[in-house]
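The structures come next, written out as structure tokens.
Each of the next two complexes has subunit A plus one more chain, namely subunit B in the first and subunit C in the second.
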Partner chain A sequence: MGMILAELTKLRRSALWIMAVVLPLLAVITGTVNYGANEEALSSGWASYWSQVVIFYGMLFMSMGIAVMASAAWRMEHRGHNWNLLMATPARAFAILGAKLVSLALMVVVMQLVLLLMVVLSGKLVLGLDGWLPWHSTAAALLGVVAALPVVALQSLLSMLVRSFAAPVALGLLGCVAGAGVLYSGVGGVIAHVVPQALVSRSLSLGSTAVSDAGAIDPSTTSAVVFAAVSVTLVLWTLAATVLSRGDVR
Partner chain B sequence: MDDIITTHHLTKTYGSRTVVDDLDLRVPRGCVYGFLGPNGSGKSTTMKMLLSLARPSRGEITVFGQPMNRDTRPRLLREIGSLIEAPPGYAHLTGRENMAIVQRMLGLSDQQVSRAVATVRLQEHMGKLVRAYSLGMKQRLGIAMALARDPRLLILDEPTNGLDPAGIEEIRELLVSLAENGITVMVSSHLLDEIDRMASVLGILGQGRLIFQGTRSELFARSTPDLIVDTPEPERALALGIPAVREGGGVRLSGLDDEDTAALVRRLVGGDVPVHGVRRVQQSLEEVFMDLTGREGLL
Partner chain C sequence: MLTAMSLEVRKARRLRVVLVCAVMVAAVVALSCMTLMSDSAREGFGDPAAQPWESLFMSHVMIAAMTSPLLVAVLASRQVDIEHQGQGWMLSQVAGFPPGLLCRAKVAVLGPLLAVAVAVQTTLIVTAGLVAGITVPLPLGTWILYAVGLLLVDLALLCLHVLLAARVENQLVGMGVGLLGAFCGVFSLLMPPALARVLPWGYYAIVSPMGMSDGGFVPITPGYGWLAAFLVLVAVLFGTVSHRFDRTEA
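After this line comes the complex of A and B, so read on.
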């Protein structure tokens, strides 16, 4: 717990918070503009509007936001000889990385809450939609937090290994391209669940009206997403801990 | 006196390059151990291995009588404070927040943190962002971070780097007082004078190898004092081709044992050089050090 609290302290006055607000905001703006411009064709109200918001958010913004946040979080350690401080604590590598993952996951929770809040505000105040955001959209947003864990673990691993800020982000972008390719080429199955960025896209698009084969958000799809997310995260976390505990501090 | 740190054949190689070579260190309990060597001689790498921040290629490390390995590391590091290469710190946070990070990582009490901050006299600056700190303040914060866990052993790598003379004096007094209170301090430097004034035991590293380890007096015992020949005619002495330099009212020669000295005097007298006196003078620590390290670039 102490390591997690230490990580959360590092987030004070951090630019990461800006990312956690700006990226969902961008998604909501693009979704609102798209919906507003095509209101006649998009007749399903909240469901159509939500689909417009999450189609690019799930495919690009969310994963890229995590990539930037992970790079920024590890940059704090790469700079100023903080690796020596971190690794000279009695904590084991698994705990050190776990604390970093938890702090990044909390940022993802904030991103999703901002997304939901902005979607509701924009839907009501800008688009004047009747009723409320359907429950399955809220569920998809929250499932997105779990689905994002492998992206958090992957980007954390890359940012831990590479001192450059931009390189892990660029690799994250490649991951987004690969994820979109996997999802829209209809490969599906296991691959769609083990490519981290594809899993984010898939979970956020559950119940979407913008993706023809999105699938519904039901116990079967939800448990598949959760199982895949937890499994891939554990593999990446263990890999990172192994690398960290066996290597020299640079 | 028992040893807090011992190493046996400690070696670190990167590819074909050996950075630390077959080191057998012995750091006695409760002393200030001065770890001295030119830049690039392997001091930081050695200290990193002692802290398990780098894996030895060969050899063993024992700290507090226990082997340092993956299993014992968490337990041993609870009692070792360190500052390696440069002071750590999160520049976007205040000194207080940086100390809070250390407190949370190590599960320390408020009193431990306050005591460490007070020890380095940084209380007035704890509300400032670390990016606004001077180098001296960053060094003191780094030492406070190392001290907060109430360590039995402190490993400090060049803690006075970049400090002004007053800051160096302050750190020196602090380390000596810590040792007087029972904390073993291992401190590295490439600045001889700095180490000489605080360390009771010296370890001298040259090109990755330990070339001397012991007390100051043991170090001097290994060196041959210089010889001063007092003569009103030093030019005449030098004209004989002896390996000497002019100094005051005579000439100075290095590295002559008793037999060489007798031979020199015979030669001077034979050459009609008036010899008024012959005396030994102790080399400075710097000269001894330079001889030991093969005159590698020492600042």
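After this line comes the complex of A and C, so read on.
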């Protein structure tokens, strides 16, 4: 717990929260503008509006935002003599990485809550839509937090290994391409659940009207996403801890 | 300047900048060519009314607007970040290369690399279209015109990103701006032209020689006057700020 608090203190000073607020805000602004401009074509109210908000956010911007946040979280360890201090901490590599993952996951929670709040505010006040955001959109957004865990773990591993800020972000983009490819080519099954970025795109697009064959959000799809997310995260976490405890990253 | 450039080439080689560039180009090509996969698109490959080249072209324009800001931000950040990490500013200044000169040398080295990247990416997408079996005559002029425009906008943004990465040590800012630019870039195609002209990333839409209308894709005249004004403005800004860097302490 102490380590997580330490991580959060580090993150508080690194202006990361701007990322967690600005990215969802932009997704909502663009989604609102897009929905407003094509109101005749997008007739199904909240569902269409939600799909417009998450189409690019799920495909690219959420994963890229996480990539940038993970790079920022590890950058401070690579600076100055911080790496030596970190390695001299009386804590296991597993715990050090766990603290990083939890603090980054909390940022993702903030991101998704901001997204939901902004979607509802903009839908009510700007677009004047009747009723409320359907439950399946809320569920998809919250499922997105769990689905994002493998991306958090993967980007954290890359940012730990590569000292440069930008290189892991570039690799993250490649992951997004793989994710979009998997989603739009309709390859389901194991691959759709193992590529971290594909899992984010898939879970955010569940119940969406903008992606054909998006699938509904029901207990079987949800449990598959959760199971895949937890397993992939554990594998990546263990891998990162093994690497960190066996050798030095220089 | 030539010595500074040759030093930058060496840095770029050790930083594997070409590899980073290749990763990003692969991402753009893969995302742009995704439209060629669908069965409905395949049916129209021989039918001029189905506008197969136009559809591939617009997909390329959209993906380029979304990924180019990230590519430019990644390249600039990677090439500039080493100076912050290894106290390179001070070292170079002592060796007779003031910070402003270093920034100009970085742009001079990364610029040709971007030119190659744009050329390769355009060639690969066109080749993919031909290989996939589009038999409608290729409007080569449109592709070349757009590639040149895209490169000019990329170069202008590269200048701005190098200055930003040099001025603000925390690379989170540069990457965050790149991500913001990616958002603005993709939605610049849907924005009113007046708004697109105000945003640096709006020029990704302004250089497109094709637009969307109710009846499909239609040729439009790119706003070259606005583009020229933007390029002159960026050149003046880059010149002024980089010369200011020369007179300040590293």
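Heads up, the rule we're going with is that the second predicted complex is superposed on the first by the 248 of 250 C-alpha atoms of A that agree within 3 Å, B and C clash if a C-alpha of one lies under 4 Å from a C-alpha of the other, contacts with A are read in each partner's own complex, and residues count from 1 in each chain.
The working rule: a contact is a pair of C-beta atoms (placed from the backbone, for glycine too) under 8 Å apart; a residue touches a chain by one contact, two chains touch by 3 or more.
In this text, all values refer to a predicted model and were calculated from it rather than measured experimentally.
When both complexes are superposed on subunit A, subunit B and subunit C fit side by side without a clash. Contacts of A:2 after superposition on the shared chain: subunit B is touched, whereas subunit C is not. Looking at the shared chain after the overlay, A:14 reaches both subunit B and subunit C. After overlaying the two complexes on the shared chain, residue contacts for A:37 are found with subunit C alone; subunit B is out of touch. Between subunit B and subunit C, the partner in contact with more residues of subunit A is C. Once chain A of one complex is fitted onto chain A of the other, the partner contacts of A:170 are limited to subunit C, with no touch recorded for subunit B. After overlaying the two complexes on the shared chain, residue contacts for A:156 are found with neither subunit B nor subunit C. In the superposed model, A:23 lies in contact with subunit C only, and not with subunit B.
When the two complexes are laid on top of each other via chain A, the two nearest Cα atoms from subunit B and subunit C are 10 angstrom apart. 14, 79 are the residues of subunit A that lie in the contact sets of both subunit B and subunit C, per the superposition on chain A. Across the complex, subunit C meets subunit A through its residues 15, 20, 23-24, 26-27, 30-31, 34, 37, 66-67, 70, 73-75, 77-78, 81, 85, 170-173, 175-176, 179-180, 182-183, 186-187, 190.
On subunit B, the positions that touch subunit A within their shared complex are 48, 51-55, 70, 73-75, 77-78, 80, 82-93, 97, 100-102, 104-107, 145. On the subunit A side of its complex with subunit C, the touching residues are 14-16, 18-19, 22-23, 26-27, 30, 33-34, 37, 56, 60-61, 64-65, 68, 71-72, 75, 78-79, 163-167, 169-171, 173-174, 176-177, 180-181, 184-185.
Across the complex, subunit B is touched by residues 2-3, 5-6, 9-10, 12-14, 76, 79-82, 84-92, 245-246, 248-249 of subunit A.
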